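Dropping the structures in below, format is structure tokens.
Two complexes come next, and they have one chain in common, subunit A, joined by subunit B in the first and subunit C in the second.
Now for the complex of A and B:
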């Protein structure tokens, strides 16, 4: 009964991963036979200033859309974990960007960031603040991209935190209150440790999606201006499907995989490993 | 709107009582509602702006600063947008793919999830670890070889037995549907749900001589209906929203999906914001409606995967 799913995963996941690894040691342009060139692609990738920029940008983007966004999401979840009458309404509002296509929301934000007729500059000028060329400024393009990333991803993080908060044992808190622990103290010594499994899950899924941000960049900036918003995924796409350097692109994709693997394992060590005992 | 009655809330407390705990709580509550309202507005305004833009005339769009509401509601924009680009064809293609993915994923992943949860067979542990590992593989690490497999698919699209000479599955429904049809995430989620069912049921059925396939189809599966709805919604949503894969494997306009169609329309008609936002509305509204209808299941799907 498991055979159809297993075969599917073997053909479309297992073989491709092995193939990506093998091809990463070759020079291959699809038209001619792949030629073995050792680790040259990896040397090229780490020597290429644009790909290095892509790695740095990916890390910066991940920093803001993972730990920073998680903190905001937890804050919103804590606010919603009270006796609010409109809780469902708020939860829905925060979650909607999550279910809509990144291409679609990126187009909407492209229009919001429009320097001449965009909503953002109109709101800023209402408050007497200067207008900006958001997406064509080397200073503002990355923050603009990150903002959309946080905006779209916050719903899922919040939702998982909210579900976890609601399943926390109430009696522990009663005991802590009786013992005179302040609410801040309760948060740091009870809530945060109890949320560890949720934090681990949110972290892993968010890191995976942050490192694979592509649609946003494709629509908003095309990696520009001056490579200030290019990401590892975008460089992989360009190498493979614009320059047809397939072997090189595979090496870049293996580097991406290794980044994710390290982050996941490190987090498991710090976070998940401990919760495994419960 | 909710904000206005919050601002009105504090004066209702009688003067001098502002230091009593009840009044303080009410103030705190007011502040909470205010902050949450601001957040909710930030989350929703882009969608409102999208719909309002789709109903504006070119004169409205050129205005600086832009007016929030259209001076004249241009309902005709939708008909004109559909005439300017085949958005309906794109949406139909997306629908066909999303429905196919959902149907295939429900059948194949639930069978696998059931087998992994309930049946002990040689290598079952290893297969399960394989699926968990597959969950971890980034799309970008497998997408290039996936593209090559599709491109060199033997005996399709003019290819010979070695996959040379033609275009394989490129620009066909095969490429759009087959590679993404079964997701390890669905297998994993189904396994979680099947694990929770009592063993007695299955044993009783087995004693009655029901086949394993029969136990799965007629005894166990009706008990995990919520899992089916959850996986169906999540699969449909991610399939409808997918961009990169359909971008890579389609060439002709008639095979494009809605997300690719939107992106192409944007590059070809750079300043047609009203039409573009009309198309974007078409691409997002079905998902928002689906989410509102099945919110409970979306939440359960994500929460289940997270907490167990």
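Now for the complex of A and C:
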């Protein structure tokens, strides 16, 4: 019964992963035969200041987008889990950025961030604050990209939290109320622990998504200025498709894979696994 | 069938064996030049980074390819449109999948890498003398003494300035060297009472920083690489000075790294937020469409410090070395490199036609910036010149930017770039 799924996993996941792993030990430029070079690509990757910068930027991006977006998403989910008027409208509004093509989202934000005619600087100017060069400043480019990442990622996280909140047992809360537990106490002692499986799922998928950030960078900054917003995925793309260093790109991909594996296992251990044991 | 750990390991093993077999049998290097001696017939694909949009498609398929079909009725051409941003990726994926298009458009500097790897086929030398070309124009089409491409359109990087701003300031002539450029740019820079920049004297950042720096490197008598493409030469005092000029102009306030022209928007020169800018010859068409009142107020000049130089980019047409219908592919290359096709492509983009004979055409006579570029082709220089160019070119802009934003000095940035280029060349 699982043969189709197995074949699918073999063809679309297994073979490409193995191929990437094998090619990461070769010098391969698409045009000529792969040549075995041992771990040279890995040495190059860790010795490459731009890829190292990409790793750091990816960590910074994930560090800010994942917890911040998760906290905001939980807050919104809690608000939308009440008997609010026009609740469906608010849910849709929060979820829209998630289903909008990232290219379109990025193009809109490109206009918002425009230093001369952008909405953001117009708002700052209205309050008498100085205009900023959001995407061409080494100080502001990364925060600008992170802001878009947080804004876009809230919708899906909110939806998962909302579904989890709606499945929480009501009797536990009734018992807590009878025992005199305040709403705050109920949130920290009941809601958060009961949401742990959902949190684990949201965290893992969010981290993976943050580590795969590519299209925002491609449109908004092209990794610049001066590599301040380049990410691991963007460097992998450039190595493979712009520089023809496919073997090197495979090594960079394996490094990214190991990063994600470590983070997922660490989170799994911290959360007591996806069953929510604690 | 159960998905167990053992099954998974077996699958991984099979995958590894498949890949290893692929490593052993993959070919590509040393492919012989395509034999184009037979009759031109069969189906061919054309990866095209020209003729953008609906108008471009109509020009190519409704006009040019119809003429081609009349001449070669047994050849069917399928066009795959792309843009410069995706051209490299399309070629990479085409090569990786064994579906390299039969005919491809390539940028200046791309011939040595693709010819070195035998991805494109050499063309007969007779095609270089079929029409009149400036030797500078044909230089990027050659590798190892052989012709690999025919130039179609050129896009030159020139300096444009606002004549009205010059007149207001009493400046009678454009700058002749960098010292004059800095002096004039400072004079033409305007700030409001809060110190906010209203007009930059010079805007070097509206074109790709790589191409801008190369223009100034050549204008300072510098070189990118040795003639054989195996030695880095841009880490010379001339190369450092070219980058330092931008840093100095940012430092004195006459240039601003944040002041650039967004794609599709009027240039800073049109908006009046710069007095002098680096641009390309298509600016004239943009002026006609967006600001006809500025057509007579914008002038152009070729700048240099020790040697006037303008950068010559452009689009060339080449034939895949792995084409299954090489005669048909060759026929299309020859057709697209002919004056009729070159003129139509140039008109559509506001570009400079690569064939010198076309300087007498109505199009060139009616476009002063194109005419200016053609008159100055003797001062044109091209980027590239090494088989490792595709790798090096990607690193130039972000590395130079580190100096412009103050993360390191011009000397350090150029030295870093030279190290990257040396490594890339060593990997050949």
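We take it that the second predicted complex is superposed on the first by the 264 of 278 C-alpha atoms of A that agree within 3 Å, B and C clash if a C-alpha of one lies under 4 Å from a C-alpha of the other, contacts with A are read in each partner's own complex, and residues count from 1 in each chain.
The rule is short, and it goes like this: contacts are C-beta pairs under 8 Å (C-beta built on N, C-alpha and C of every residue); 3 or more make two chains touch, one makes a residue touch a chain.
In this text the structure is predicted, and so the values were computed from the model without any measurement.
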* Once subunit A from each complex is brought into register, does subunit C clash with subunit B or fit beside it? -> clash
* To do: In the overlay, answer first, second, both or neither for which of subunit B and subunit C A:241 touches.
  => both
* Structure fact -> Max touched-residue count on subunit A (subunit B vs subunit C) belongs to chain B
* With the two complexes superposed on chain A, say which partner A:105 touches: subunit B (first), subunit C (second), both, or neither. => first
* Asked: Which holds for A:82: it touches subunit B only (first), subunit C only (second), both, or neither?
  -> first
* To do: Name the contact category of A:254: first (subunit B only), second (subunit C only), both, or neither.
  => first
* Touch check for A:14: first (subunit B), second (subunit C), both, or neither? -> both
* Between subunit B (first) and subunit C (second), which does A:230 come into contact with in this model arrangement: first, second, both, or neither? -> second
* Where does A:6 make contact in the superposed view: on subunit B (first), on subunit C (second), on both, or on neither? -> both
* When the two structures are overlaid on chain A, which partner does A:94 contact: first (subunit B), second (subunit C), both, or neither? -> first
* To do: Based on the superposed arrangement, let me know which partner A:143 touches: subunit B (first), subunit C (second), both, or neither?
  => neither
* Asked: Residue overlap on subunit A between the subunit B contact set and the subunit C contact set?
  -> 1-2, 5-6, 9, 14-15, 17, 19, 23, 30, 114, 116, 240-241, 246
* What does subunit B use to touch subunit A in their complex? -> 2, 32-33, 35-36, 39-40, 42-47, 49-50, 53, 61-66, 108-109, 111-112, 114-116, 119, 121, 124, 127, 130-131, 134, 136-149, 151, 178-182, 184, 187, 212-213, 216, 237, 240-241, 243-244, 248, 258-259, 262-263, 266, 273, 276-277, 280, 283-284, 287-288, 290-292, 295, 298-299, 302-303, 305-307
* To do: Give every residue of subunit A touching subunit C within the complex, in rising order.
  => 1-3, 5-6, 9-10, 14-15, 17-19, 21-23, 26-27, 29-34, 49-50, 114-116, 131, 133, 136-138, 223-227, 230, 238, 240-246
* Write out the stretch or stretches of subunit C touching subunit A in their complex. => 1-3, 7-8, 11-12, 14-16, 18-20, 22-23, 26-29, 88-89, 92-93, 95-96, 113-114, 117-119, 196, 257-258, 260, 262, 273, 390-391, 394-395, 397-398, 401-402, 404-405, 407, 416, 427
* Which bits of subunit A are touching subunit B when the two form their complex? -> 1-2, 4-6, 8-9, 11-17, 19-20, 23, 30, 76, 79-80, 82, 84, 86, 89-90, 92-97, 99-105, 107-112, 114, 116-119, 121-122, 125-126, 151, 155-156, 159-160, 163-164, 167, 197-198, 201-202, 205, 208, 211-212, 214-215, 218-219, 232-233, 236-237, 240-241, 246, 249-250, 253-254, 256-257, 260-261, 264
